[in-house]
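By letter and in written order, the chains are A, B and C; residue numbering begins at 1 in each of them.
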Amino acid sequence: MGEVSPDLQSRVVKFPGGGVLVAGIDEIFNWARSNSMWSLTFGLSCCAIEMMATAASHYDLDRFGILFRATPRQADVMIVAGWVSVKMAPFIRRLYEQMPDPKHVLAMGGCACAGGPYRDSETIVKGVGEIVPVDVFVYGCPPRPENLIHGLIKLQERIREESILGIKSREPITVGG
Amino acid sequence: MSLEPRTDPNPPTAGPETPAKGPAIDAQALHQEILDLGTQGMVMNMGPQHPSTHGVLRLILTLDGEEVMACEPMIGYLHRGLEKMAERRPYRHFLPFTDRLDYVCSLANNLACAQAIERLAGVEVPERAQWLRVALMELNRIASHLLFLGTFGTDLGATTMLLYAFREREEALALLEAITGARLTYNWIRVGGLPDDMPETWDEGVLAFCDLLESRLPEYDRLLTDNPIFRRRTEGVGVVSSEDAKAYGLTGPTLRASGVAYDIRRWAPYEKYAEIDFDVVVLRDGDTFARYLARRLELEQSVRILRQVFDKLPEGPIASKVGKVLKPPPGIAFSQVESPRGELSFTMVSDGSPNPVRVHIRAPSFANLTVLADLVVGNKVADVVAILGSIDIVLGEVDR
Amino acid sequence: MMERDFGSALRTALAGLPEGAVESLEVSGSVATLRVNLGSLRAVLESLKSSPEAACDFPANLTAYDTGEEMFLVYRLASIERGWQALVLCRVDRSEPVAPSVTDLWPGFNWFEREVYDMFGVRFEGHPDLRRILLPDDWEGFPFRKDYVSRPSGSPLRGPQPIDRGAQG
């Protein structure tokens, strides 16, 4: 499944009375950030039901440290699950801007990635990437919970390569396409 | 806490060292003055992104403190123009889009669409397909009501219910995946029948699931139905009388909780419902608890129906032959299906060409939502969430 | 049996209306299809609702359709007690579509009328709050009309989006 957390145990220097862990700042911050990705409850439509199923008892996102926050001020990740309509687009942009840095966007489902089956509808924005910068595209209609977890793990790996100086990789990851 | 001026048993005596007091304040008169001022009300926006609006619904509430003075629901945040997209395609090519209307119960939408095309084109459905359609519908109804139980509990703060309900829902979804191949958007009804027969031991799986669900129902009752906090929050909240319920065009468990016995499965039977023995759940109170209880009791009725289907399932073809190009004769036809939310109806107009002139989707959530604006006035903000949850809407079909 | 009872109940209910109000009436099973002219639409709907014989008091559906040459309103009223329903079709003027509102008879039709206005441009006289419901408030045109032309706005945050014609199945 991949590394869930880097091997920090081996870097602990033991002293009587305790130990000291020496690691780079980036490594510590990224370890903390990738293992507690708090996601904004932003289910728009059908993919939201699968997102709920992924978070619920059978598939369980809580074991990855992912829980859902209702307010964007406390969220790190925005999982856009569902199609984006023209009426909703300004709100998505505003919610993205309300999230504090460092933030990430995961586009879940064909509709959020590229408009999905509604490419010949004039009220649908062809992918949420036209409004906000997307880090991970998870394709599917709707993507299976395993697929979504795969996308979230890829996002965790992306976060572990970040730097607190703020320089982020721009190339989005595609999963399930 | 009384506002009457209290008599002080030890009044301070006025002496040379005590400063002169100002005029006495009449607390009661002051309070009445504040009440008479009247308030404009604070306008609060709820949504479109909100954990309890079941999708993207925006409610503009005008509040007087905690009490709602007015509510204006705004919808359209999920509008795709599906009905317009149907006009650009042949009739059967629209079926996959219908999954995404009421995405919690996709098979109901598929069935309503296929039924409308079948009535328009005069296509018969073989017996075995009709029985299996009933089984699929009821299994989907169970999955939908389990989702309702989970999300309604979460809206009121009883988040444990979500985890328990989804545990059983995963079992139902596994069964549906075994026959249709998909977990949520099945697209498993075709004009004239079904695409394929059921797998070999599917009926045993469904009956085992029925037993499992019945064994878990007492758990749900312990968590919600018999929970005193849940009862206090839902009983007497948002009462809809039966006359109002009919005037607003409510359907489904929302209507039946107000005492009106209108269930399309009994009123205008389709598929094989006329040959199945089940009860229509009707409650008298019309409050939020009754709307919740109606769905909780319908779970038992769906289990009852599923058990009868496999006793009576005949052998035979699974679909009747429909030509490559379907050109129904000119006319207008409509279908009526009892989805978990109410009366789902497709109205189709044909002019003899391969594409329809018009497809209209009468979504039960659209009609049920109209009552919200008048129902929440006078209630507290927390009750708004309870009432909205009990109406059980899915915004995919409200906005289409 | 049901057909005969329903047919006679409808004729009784509509007896008081002027000549030519109901252009045609067909009953098939438990569904009656009536074609009425616009001037008597309101009277027909009121009679169907208030008559004790027909008792069609449940507002099941309200929609419209446009063939390119004609535009029709489609009402479906059901009688829960009697077990029958009436489909009422009424032609409206395509160039200037106006119709009487029935929100005072059935508050449930409030949003249905707003949707028909939003998509077809039919103005319902007497509606308390006739404005767009599904499309954004500043949308131009009525999309479900056959003469609607989509003009992409060029901005993903507002206005009509370009249609990908190659995506039609």
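Keep in mind that, in the parts below, contacts are C-beta pairs under 8 Å (C-beta built on N, C-alpha and C of every residue); 3 or more make two chains touch, one makes a residue touch a chain.
Please read these numbers as outputs of a predicted model, since none were measured by experiment.
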item: Of B-C and A-C, whichever chain pair has more C-beta contact pairs; value: B-C
item: Central chain (by mean CA position); value: B
item: Between chain A and chain B, centroid-to-centroid distance (C-alpha), Å; value: 30
item: Chain B and chain C, separation of their C-alpha mean positions in angstrom; value: 24
item: Whole-Å gap separating chain A and chain C, where each centre is the average of the chain's CA atoms; value: 45
item: Multi-partner residues of chain B (each touching 2 or more other chains); value: 76, 79, 81, 84, 88, 399
item: Chain C residues counted as touching two or more neighbouring chains; value: 135-136, 143, 168
item: Per-residue multi-chain contacts in chain A, two or more chains; value: 87, 120-124
item: Residues of chain C touching chain B in the complex; value: 30, 33, 57-61, 63, 65-67, 74, 76, 80, 83, 87, 89, 106-112, 115, 119, 132-136, 143-144, 168-169
item: Interface residues, chain A side, partner chain C - complex; value: 86-87, 89-90, 93, 115, 119-126, 130-131
item: Residues of chain B touching chain C in the complex; value: 75-76, 79, 81, 83-84, 88-89, 93, 246-250, 260-262, 267-268, 332, 334, 343, 345, 347, 349, 351, 357-358, 360, 362, 366-367, 369-370, 374, 399-400
item: Chain A partner contacts - residues on chain B that touch it in the complex; value: 48-51, 55-56, 76-82, 84-85, 88, 96-97, 99-100, 103-104, 147, 150-151, 162-164, 166-167, 169-170, 173, 183-185, 395-396, 399
item: Chain B partner contacts - residues on chain A that touch it in the complex; value: 40-46, 48-50, 52-53, 56-58, 68, 70, 82-83, 85, 87-88, 91, 95, 117-118, 120-124, 141-142, 144
